[in-house]
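Each of the next two complexes has chain A plus one more chain, namely chain B in the first and chain C in the second.
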Partner chain A sequence: MTPLLQVESVEKSFFGIPVLKAVSFTIGAGRIVGLVGENGAGKSTLMNLLGGNLHPDGGTMRFNGNSYAPVNPRAARAAGIGFVHQELNLFPNLNIAENLFLTNFPQTGPVIRRGELHKRATALLKTVGIELPSTTPVDRLSNGERQLVEVAHALSFNARLIILDEPTTSLSARETERLFKLVRQLRDDGRSLIYISHALDEVLRLSDDVVVLRDGEVVGQGKATEFDQNKLVSLMVGRELKQLFPKGRSLPLRRALESNEVGAEPRAPLLEVRKVSQPGVVRDVSFSLRRCEVVGLSGLMGAGRTELARILFGLDPHECGTILVSGEPLTGSPRRRIRRGLAMLTENRRDDGLCLEASVADNIALVTLPNYTTSPLRLINFASLRNGLAKIREAVRLQPKLSNEQPVKTLSGGNQQKVVLAKWLLATPQVLILDEPTRGIDVGAKSEIYQLIRDLADRGAGVLVISSELEELTGLCDRILVMNRGRIASEFAPGEFDRERILNAALPT
Partner chain B sequence: MNRATSLASRSLHLWATAVLRSEYLVLLLCGVLFTALAPFTPGLATASNFTNLLGNLAPLLVVATGQMLVLIAGGIDLSVTSTIALVSVVGAFVMNGDDGWLKGSAAAAPAAVMVMLGLGALVGLGNGLAVTKLRMPPFIVTLTTMMFLSGLAVWLTKSQPIYHLPAGFTALGSRLWLALPIAAGLTGFAHVLLARSLFGQWLRAVGFNARTARVSGVPEGAVVIGAYIASGLLAAAASVLYTARLETGSPVLGQRILLDVIGATVIGGTSLFGGKGKVLWTFFGVLFLTLLDNALNLLGLSHFTIMMVKGGVIVLAALMDTARNRWLAT
Partner chain C sequence: MRKSAPRLLLSALNHATLFLFILVLIVFGLLSPKFFTVAGLTNLFVQASSTTVVGVGMTFVLLTAGVDLSVGSIMFVAAAVAGKLALGGTSLPVALLAIVSIGLVFGLLNALLVTRLAIIAFISTLGTLYAGRGFGLWLTQTRAMNLPDNFLALGASKFVGIPTPLIIGAFVVAFAQLTLTRTSFGRQLYAVGNNLEAARKAGLNTRLLLAAVYMLSGLCAAIGGILSLAQLGAVSPTFGTNREFTAIAAAVLGGTSLFGGRGGVFPGTVLGALLIQCVENGLVILNADPYLYPLVTAALIFLAVLLDSTRSRILAHWARRKIFVEDAV
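Let's turn to the complex of A and B:
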């Protein structure tokens, strides 16, 4: 039996830098193939070649028994390859049916046959398990439902191969299970799927076969049963990654250290939140953060974690309650709060963490720039700024070969996140609020960022980490707070970190 | 054979990339335009024409620099030409020899210049406040400001130009050795501000991503207001140069140059989406348009033909910018 897709020595370079080097692999009909690799390993490039967005410099592809060289995404669709993107490509202002058949409306002359449209859309929605009328506007759907609509879109042109790029990043556990069920069902129908994810446990659980990419080369492929998580990680990073989470100091030791530093009042909280409420967002939130402490904030999507972080940083208002830093009330714009020692790494670095078009240097310097200026015109002292940049780049272990002048949009996710961290660390903050600090970055960069967080706490800062990955919180934090519908529902001390109990606290009752 | 052609095409590609990537591309085009037109454009390459060219260039460069600052912040200022007109007539009200408020006084000219600059800054402040505090789209704000100020200038003067401006004032426009240093000084200052100061960095950051700038503690409202004030101020300074050159306070001054101001800035390479722009680029853009305008005038084309050609050139420049980005991306 010939395989469905055959990729043979495919090569691709950008600006003379090879991104894919003689990549070869095959995908059989009716298989789920997990594609894993660090950021920058070439996964996205490879998928863009398959999807017709990019064209290979060399090598051949065969799909469904024919030579395959799509000139554009439309050709790829016509050949039977569907692409479910990481950033969902739906139009929120249109309804489900319109989104599904946007390029392919059933028409009589110029008039769209609405009845036929909704009949076909309803059939597709049934296949993917959405029980909503096809006239529902997409902006009313949850992320999980949107993902399913994208899959339905691929089915609308009867795709034989469906590529899923990081589909579960913004899904809840239940939505993820639903997606997995659908993926298996599609496989059983004889379709093949490529599943790209950083969540290695999911990949191993779901896939039939696995392909591992590193630096543009296939470094491992085979049946999923031949791999385990450690083997995947060591293939991906090319070395044995002994430990994901830093050992760090033990809690009592850090407490002792802390009491030396703060003197008379060793336990005085650094950040204190008292009964903070904002209707519809958070209710009666009280907690405190001490020096040298990493506190995790867990909860489902929509529980109010990000909203709380934005209130703490002065990006959104709150109706009542007070926030204290070192005993003094914290008020005003983010600018004033930064002066009081706050830092905030936002959930989505593309939206409000980085200036993507601007250079690495301009991004890192953005927060601390006023410190590098001389009056009266506030001209920038570029020499001392360069010194500061060099030091902080080393501290966050930003890849040395990246130039300061390079636009950050050309960096991999991990390096982009390090740029955001560098920006804040240059300001030597006392209270760090990190919202999903490792979202969409690879395992190597993850472990480096965990180490950085630990080091910061050890040097006296207080860190509040918001994360949807429970493992991240249990591995990194000294305490975990669980939010549930705008409230802090419960608190867990290190001895009590129990996946099941934390999850239960987060679930609506 | 095949290899030789591919090698040739590759070196051509490299060369083309280098040219397209160069920030001197527009200057290069100016040179090409000049050498191509000089042989059959009578009087293009003469000393008196160069004087004329520089006289045209100086005030346009000043307005365009202000426009560039607003574009970098992610806005647009359509009100600059009306600001020029209003500032011109108000300045003339202050200092003219017929019924000026300070008629005959030695302080008339300096006081008028101060009033003109202050008024320009005030218009900019109004635009800036409307954009930041009322969160109105810059296009609508400055379009309505343009209409209002333009009407106001005509209403104030009953559409009559004002003559008899003091000689001390008109010297600012008629003497190139005064006008050029003023324009150079203003744009040079803008360059230093943009390239080396905190304000310049903040301006770019706000233009690239206002949300990121806000999270990072940039006072984005103040920065945007600053850009509009600078634009109003520079438009007023340009109005001083134009008014002095024409020796007239005119309510329709600058009416025709809006296309030139925005066109020159965009030809220079300033992005309409914010974040990107340099004074040097704007200088090249202004030079290019001024040269084109000058040559077409010398060729005896009518105003309308010149408008058509300039419109075409600006479209080509925009096209080139897109092509350049696409070329460099692959």
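Let's turn to the complex of A and C:
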């Protein structure tokens, strides 16, 4: 049987820098292929070649028995390749049916045949398991449902190969299961799927075959059963990653805890949240964060974790309850809270964390620029700014090859996140709120960011880490709080970190 | 399901123009007995027809998150050329055809500036606003022209008892409504307005779609110009001045968003245009100082934009936050 897709020695360079070097692999009909690799390994470039957004410099592709060289996304679609993008490409102001058939409405002359449109849309929705009328506006759908609509879109032009790019990053556990079931069902119908993800356990669980990319080369491919997580990681980074999480507990905390145990005066908490409520968002939330402590905040999507973080940072109001920092009430705008020593890394760095077009230096200096000015006109003192930048870049281990003038949009996810961190660390915050600090970044950068968080806590800061990856929280945190429908449902001390128990606390009862 | 407070607020904002319109009708109805007669209301519709038609074109542009500031100048150039031709003895149909062609030519110019040279719509159409006004003033040598009677006759004519301007306006609205709601072109415009980049990635011909809305806007401006001419019977050097603002106000009062992707012509823009006309007529009835008119229009525009931005804020708020239903206590 000839494979569905054959990629032969495909090459691609940007400005003379090779991004893909003689990449070859095949995808059989009716297979789920997991594609893994660190950020910058060339996954996106490869997918852009398949999708017709970019054109290869060399090599050949064959799809469905024919030579395949799409000139644009439309040609890729016509050939039968569908995409489910990481940033969902749906139009929330249109309804489901319109989104599905936007480029090929059934019509008589210029007029859309609505009956036909909704009949076809309903059939597709049934296939992907959405039980909503096809006239539902997309802005009413959850992320999971939107993802399924994207899959339905790929089915609308009968795609033979469907590429899913990080589909589960914003899905709840239940939505993920639903998606996996659909992916398997499509495979059983004879379609092939490429599944790109940083969640290696998911990749191994779901895929039939695995392709590993590193630095633009295929460094491993074969049946998924031949791989395990450690093998994948070592292939991806090219070395055995011994220790992802910083070892041991921080010394100051241990001392502090010891002094507490011998009956010394309990230390005042750094951040104290007392009975904070906001209708429909969070309910009766109380907890405290001490110096030198890393506290994890776990929970399902929509449990109110990000919402709580936004309230703490002054982005959203809360109806009742108080927030104290070092015993003093915390009020007002984010600007005032930053002065009190707060910092918040948002869950979506591209939209809320970075000025994408601006340079590395401009982004890092965004919060603290006034500190690098000289009186009387408060002009920027570039010498001292350069100095500060150099120090902080080293502290966060930002790739030294990157220039300060480079626009951050050209950086990999890991380096972008380091830029955001550097921005906040320049302000020497006391309380750091990190919302999904390692989302969509590669294993190497992850480990470095964990070390950074630990170091910060060791130097006396309190860190609140929101994460959907349980391993991240159990490996990094001193305590874990679990949110469930706006409440803090339970708290786990280090001895009690148990994946199952934590997950159960997060699940709706 | 119980409606939440922001949902009620949004609903109120969506219907604010309707409430306001009814309020204005009642107030002026009480002030003037002539207002609520068939003749009075028909007159209102006829007078509003020009703003409606220009506003319909504007709605198309606004839906794509663009703007067309040149509509007033397009009206002026079209009217000036038509006046020259009519006074030179050209027949009415040919003059009308010339007006329509001028609208399309200006629309094409805007379209090329926006899609080919990638100059943002605000600046492109601001440029054509000045160019058009200048061209028209040169053409007329800044003198007012009184048109032959057949233009005025067009404005006063009736077809099966209905004034022709009203029929033209209704036809444009019906055509636009059908286009926006029932054709793939119309639905694709909403996609473009929501997210241009995503629309391009989805394989839509975004350049063609954008070009088309500026052409349509130019065409509607020209038709609106004919309707105004038919009522005034003369082309003054200020003909069409500030009409871009009433057109934008009509569209936005009618619920079309300046941020693109949301809105429509019916009842939307039609209602907005009627409200504006109603207020203007009311000012006449009240014998208000004509110099106050721009102030009132400005107030309406601010109101329209305030409604739009409040609505957008609420929607953005929703898009971001997952709201779960509170348990009954």
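In this section, the second predicted complex is superposed on the first by the 492 of 509 C-alpha atoms of A that agree within 3 Å, B and C clash if a C-alpha of one lies under 4 Å from a C-alpha of the other, contacts with A are read in each partner's own complex, and residues count from 1 in each chain.
By definition in this document, contacts are C-beta pairs under 8 Å (C-beta built on N, C-alpha and C of every residue); 3 or more make two chains touch, one makes a residue touch a chain.
These figures come from a predicted structure and were not determined experimentally.
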First, second, both or neither for A:Leu94, with chain B first and chain C second: second
Partner chain in contact with A:Leu354 - chain B first, chain C second, else both or neither: first
Partner chain(s) touched by A:Pro246 [first = chain B, second = chain C, both, neither]: neither
Contacts of A:Leu379 with chain B and chain C, given as first, second, both or neither: first
Which superposed partner A:Arg74 touches (first chain B, second chain C, both, neither): second
Overlap of chain C and chain B interfaces on chain A (superposed complexes): none
Complex contact set, residues of chain A against chain B: 313, 315, 333-335, 338-339, 344, 346, 351-358, 362, 365-367, 369-370, 373, 377-380, 382, 423
List of chain A residues in touch with chain C within their complex: 53, 72-74, 77, 89-94, 98, 102-103, 105, 107, 110-112, 114, 139, 142, 279-281, 301-302, 307, 485-486
Chain A-touching residues of chain B, taken from the complex the two chains share: 192-193, 196-199, 201-202, 204-205, 208-209, 211-219, 275-276
Chain C residues touching chain A - in the complex, by the definition given at the top: 4, 178-179, 182-185, 187-188, 190-191, 193-195, 198-199, 201-204, 261-262, 315, 318-319, 321-326
